[in-house]
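These notes open a run of structures that come right after.
Two complexes, one shared chain (subunit A), two partners (subunit B, subunit C).
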Partner chain A sequence: MNAAAFVEQAAQALTAGIMVGCVYGLLCVGLAFIFGIMRVINFAQGDFMMVGMYLAFYLATHVLGTTLLGDATPFVAAALTVPVLFIVGGGLHRLLIARTTGLRGVGLSAEGHQAQLILTLGIALVLQNGALILLGTSPHTVLTTLSSSAWELPLLYDDFSAVFINQARAIAAVLSVGVAFGLFLLVARTRLGKSLRAAADNPEAATYMGIDVDRAHRIAFAIGTAVAGLAGGIIVAYYPVQPFVGVDFIIIMYAGVVLGGMGSISGAFWGGMVIGLVQQLSTLVMPLQLQNAAIFAAFVLILLFRPQGLFGRNVERA
Partner chain B sequence: MTISRRHLGTLTAAAGLGLAAPALRAQTREVVFAMASPLSGPWARLGELSVLGARFAVDEINNTGGIRTLGGAQVRLATVDVGDSPEKAKTAAERLLSQEPQLVGGAGAYVSSFTLAVTEVTERARVPWLTLSYSDLITNRGFRYVYQTSPTADEQAAGALPTIIELARAATGRAPQTMGIVMDNTASPVSFTRGLRAGGAERLGIRIVVDETFTPPLSDAGPVMQRVRAARPDILLLLPTAIPDIKLTLEKINEIGLGRGRLPIINNGGPMGSPDLLRLLGPNLLEGAMFITATWGLKGQEELIARFREKTGEPWMTQDSISNYGHMMILREAVERAGTTDREKVNDTIRALDLTEGPAANAYPGRRVKFDERGRRVGAPLVIAQWQNGVPVTIFPTESAMAQPNWPRR
Partner chain C sequence: MLEVENLSVAYGGLAALREVSLAVRQGEFIAVVGPNGAGKTTLFKAISGTVPVRGGRILFEGQDLLTRPAANRAHLGIAHVPEGRRVFASLSVLENLEMGAWPEAGRKVFAETLDRIYALFPILSERRAQFAGTLSGGQQQMLAIGRALASRPRLLMLDEPSMGLSPVMADTIFDAIRELHHADGLTILLVEQRVAEALDACSRGYVLETGRIVLDGPVSELSTDRLRQAYLGM
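And now, the complex of A and B:
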């Protein structure tokens, strides 16, 4: 391969890595609220994303229609999934998750982690198979011109070389960064964020300080669910949804959260970004089929040198 | 009235038969055929289309009197989800055999690597098994109970390129000189391209200028398609097997300015003709895309397709539906001729079949069902279909074609 071709491919892989990484980052931020703050291993996170994808698809095609809003339809539909998934997440926490987390979890074996595992796995199976029964196996997507159109950025060294930026993915990436930044501010700068962090760090101590830990966890779970739904709504603009689509994303979400550092919202975003970049840039030096293997090679390497993750802190608990 | 000893013997035998007949009928009131296909995961929709074809055949069998030699026994279709991996497929096959001890024969499991796993189990249980999967490995293992109704991947690869070259030459006046390959690493495309890489393409005067293999699902087709753009082959073998990957790659081809017929695209297998693709991509992005397949809507099948459309609401009959319709009809024919549900005898009957008419033979191009010693259908020709005006139509072989080929021009 000549130098010009390599530069073009590297630029394309970098662009793809950033765009994929931004969306992975948002997915990881959603999981960080649940896994990072509540320490709940949520196997259903990918399936909340799937629910968001279906919801956005039905809103876009059956409620909004593409004539009024044009190519903005899938993204407006994605925004509309947020309140629905927030309520679903809050309801699930109140009815099920709360029985195994927070102060109630302290009294269970392994601090409730085993019960949480089984519970969230059960929710995941119900959502997957429920979607299969109710919605069928046909893949769906919101059909717009954005997913097959690109902005072409010519590379200046010749007339042919160019980088193509997919319009749907570019918009998805920008929205993902915006939402992730907003959530970072929510956790870092607001009273609600302070209570979430306190409930995450030490639920018992937070209770003594007058914080309602169950409420904080319920809000964290609802936000995490809503963010997964929003990310799903954004993704369905360029990637088809079917009942098992979440399985392809869940491992990436966990890898991103651990890579970024448990409990860190910004860390989770950058963890997702690193995974997107490694996944795409690895194709320059490794066979394409090892794309996902490269993610876990990088994951192991990073944790070897920074076991607390990229943005995690080493905390000695008394 | 006196009854002679001989008459007494005859009467006793008749009475015995009279008593035995209901018992025999009771034993064979139901004949169980199986359909193993992926009903979850990325291949779920294609598995569903397979089941639709098999169920359509079973309904037709039952509505036309069932298995006549078994007193009109009705056929029951047992379906099983093989999931999204060979491991799950193997477990599903084991579950099927334990849940259906009366199973006579079956078909599946769509993805070649799943079929390889499933048939490891069915062969040990001596269950006759029919498949549309392409991989040569399926019938290269010396198995006695496995039958492949499609031309194998090697046969398709050997036949496809010369056919494609001829189509190109007829349309443009020149044969393609260079080729690109973009594929996933499932067994069928691996098998399909092995011969091409091992000198098959070169012998036909075609140089492979880009060759990329990915593990499904793709997260972004950008980097891989950028390499296609840089190499700019005369034709592109685009061989993903999962619908999301087909969508991503075709959209990317359009993005980089090679879509809508500018780069001739040839896929291998039925997913490229799935009705879902039309919904996911729209007709413009699919126009001109060709695919090599085991069977597709052929001249002479118009009535069958019309009945299927009416029954299922599907816009056309895909390879998955037609092939598995045919598989059930082959099993019916074998049980009918064997006059028993004994798997060994049914298997012997399938081995000896040579059908040139009837629903089983009419389901396949070449209109003949006869298997060679390895279990491959004799004379199974490849079929090429092409998206034209939002519908995938058969363009080769010429005698079965529903439309003229429309070779893309740059």
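And now, the complex of A and C:
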């Protein structure tokens, strides 16, 4: 392989990595609300994404149809999953999760983490197998002209090398960045966002401020669920959905949130980005099957040198 | 303003408070003193709703607090500065104060209250952008008090504000509390282990011992002899 061809491949992998990384970033931001900020272990996050993928798929193919909205169909369908998943997440929290979080979690062993783990693992199994029974095993994806068209970006050093940018993936990446940035502002700047952080930081003191800690947890959980659904809806425009697709992504989400630093929304996004880049760039030097191994090698290395994560901050007095 | 009637609280089978009654009237500065484990913090938590109450009543301005969820009580005008300060470590100093202003009453006049808080504790103004967790113990106590003031409370409850502080810092905190009572006319309920300082500052006191009120009255009547007898059993 000559140098020019390698540069072309590297540029292609880098572009793919950035685009995949943006979507992983959004997925990680969703989990950051639940795990990073509220410190609730949620094993079902990947399956919320799966639900969002199926929902967007059926909305796009059976309800909306492609005639009226054209290429925008999958993204409109993805947006429509947000209110649905928000309500699902809020409802699940009220009925089940709330028994293990907030002030009630304080009284449980390991602050409720063990109970959360088992509970959300149960929800994950119900969602996975429910989808299997109701929807079957065959994978689906929303195919539009965008999924199969690409922009060609010529590389300037010769006349024939170029980087191809898949349009569906590019739009997915841009949408992901936009939503992630909006959520970052929500947490960093708004009263609601600050109250979520306060409720997670010290539920007892938050109660003394008059903050309804249960409600704060419910909102964070609902936002996290809705973001997983939205990301799923965006992804299904180029990645096929099947009942166990969440398993492929849940590990990436946790790795991204921990990598970025617990509690940081921007950190979670960049954690997802790093994973996307490592995954795609590793294909240059390693067989494709080892890309997940590469992710964990990078994960271990980064945590070895920065245990608090890339963006983790030490907020306690030394 | 605040009436606690025959309040009983138990953890498991263990009684923490037995039929405790006390009253705080508008504009008063009341101290509850007593040794470790007497139930002082439990009393505050019962008023704020973070421990389950077994029996009795708590009335705040005529309203039955026990029918109100815990998160609702700050909105009624009760501010609780908890034992151990409990600032939001991962939030900035200013964000902590903003969270204190969560109730409607504090939200509307936050800018004005902020000036008052910064005047009382200038260091908080200097450190406004810093994470609260990185403050010293004394500064965290100032922040915890400032955060409570931000809600524009009608009743300020302070749980061991001098705990773990140097004598000089404890004096600074006590001076600030006294000023809040005298200059701002705030009604204050204070729980303290430092009996002398607490009784020196307040108008009336209660002595709590193993979950019971064993002595109460104006400071002049809580003479040191009687107090020493009740407090140390001598």
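Observations on the model:
Here is the rule we use: the second predicted complex is superposed on the first by the 313 of 318 C-alpha atoms of A that agree within 3 Å, B and C clash if a C-alpha of one lies under 4 Å from a C-alpha of the other, contacts with A are read in each partner's own complex, and residues count from 1 in each chain.
By definition in this document, a contact is a pair of C-beta atoms (placed from the backbone, for glycine too) under 8 Å apart; a residue touches a chain by one contact, two chains touch by 3 or more.
Keep in mind that what you see is a predicted model, and the values were worked out from it rather than measured.
Steric overlap between subunit B and subunit C is absent once the structures are superposed on subunit A; the two fit side by side. In the superposed model, A:E204 lies in contact with subunit C only, and not with subunit B. The three-chain arrangement built by superposing both structures on chain A places subunit B and subunit C 140° apart around the Cα centre of subunit A, to the nearest 10. In the superposed pair of complexes, A:L230 makes contact with neither subunit B nor subunit C. In the superposition on chain A, contact is made by A:K194 with subunit C only, not with subunit B. Shared-chain residue A:D212: touches subunit C; no touch with subunit B. Of the two partner chains, neither subunit B nor subunit C is touched by A:I123.
Of the two partners, subunit B and subunit C, it is B that touches more residues of subunit A. In the superposition on chain A, A:G263 contacts subunit C only, with no contact to subunit B.
Once the two complexes are laid over each other on the shared chain, residue contacts for A:H140 go to subunit B alone; subunit C is not touched. Distance between subunit B and subunit C in the overlay is 36 Å (nearest C-alpha pair, rounded to whole angstrom).
Of the residues of subunit A, not a single one touches subunit B in one of the two structures and subunit C in the other. On the subunit A side of its complex with subunit B, the touching residues are 5, 8-9, 12-13, 15-16, 19-20, 128, 132, 136-141, 143, 147-150, 164, 166, 169, 238-240, 242-244, 247-248, 276, 279-280, 283-284, 287-292.
Residues 48-50, 69-75, 79-80, 82, 86-91, 95-96, 98-100, 102-103, 131-136, 147-148, 151 of subunit C touch subunit A in their complex. On the side of subunit B, the complex with subunit A involves touching residues 39-42, 44-45, 47-48, 84, 185, 212-215, 217, 219-220, 222-224, 226-227, 230, 243-244, 247-248, 250-252, 254-256, 259, 276, 279-282, 285.
Subunit A makes touch with subunit C in their complex at residues 103, 191, 194-195, 197-198, 201-202, 204-213, 263, 313, 315-317.
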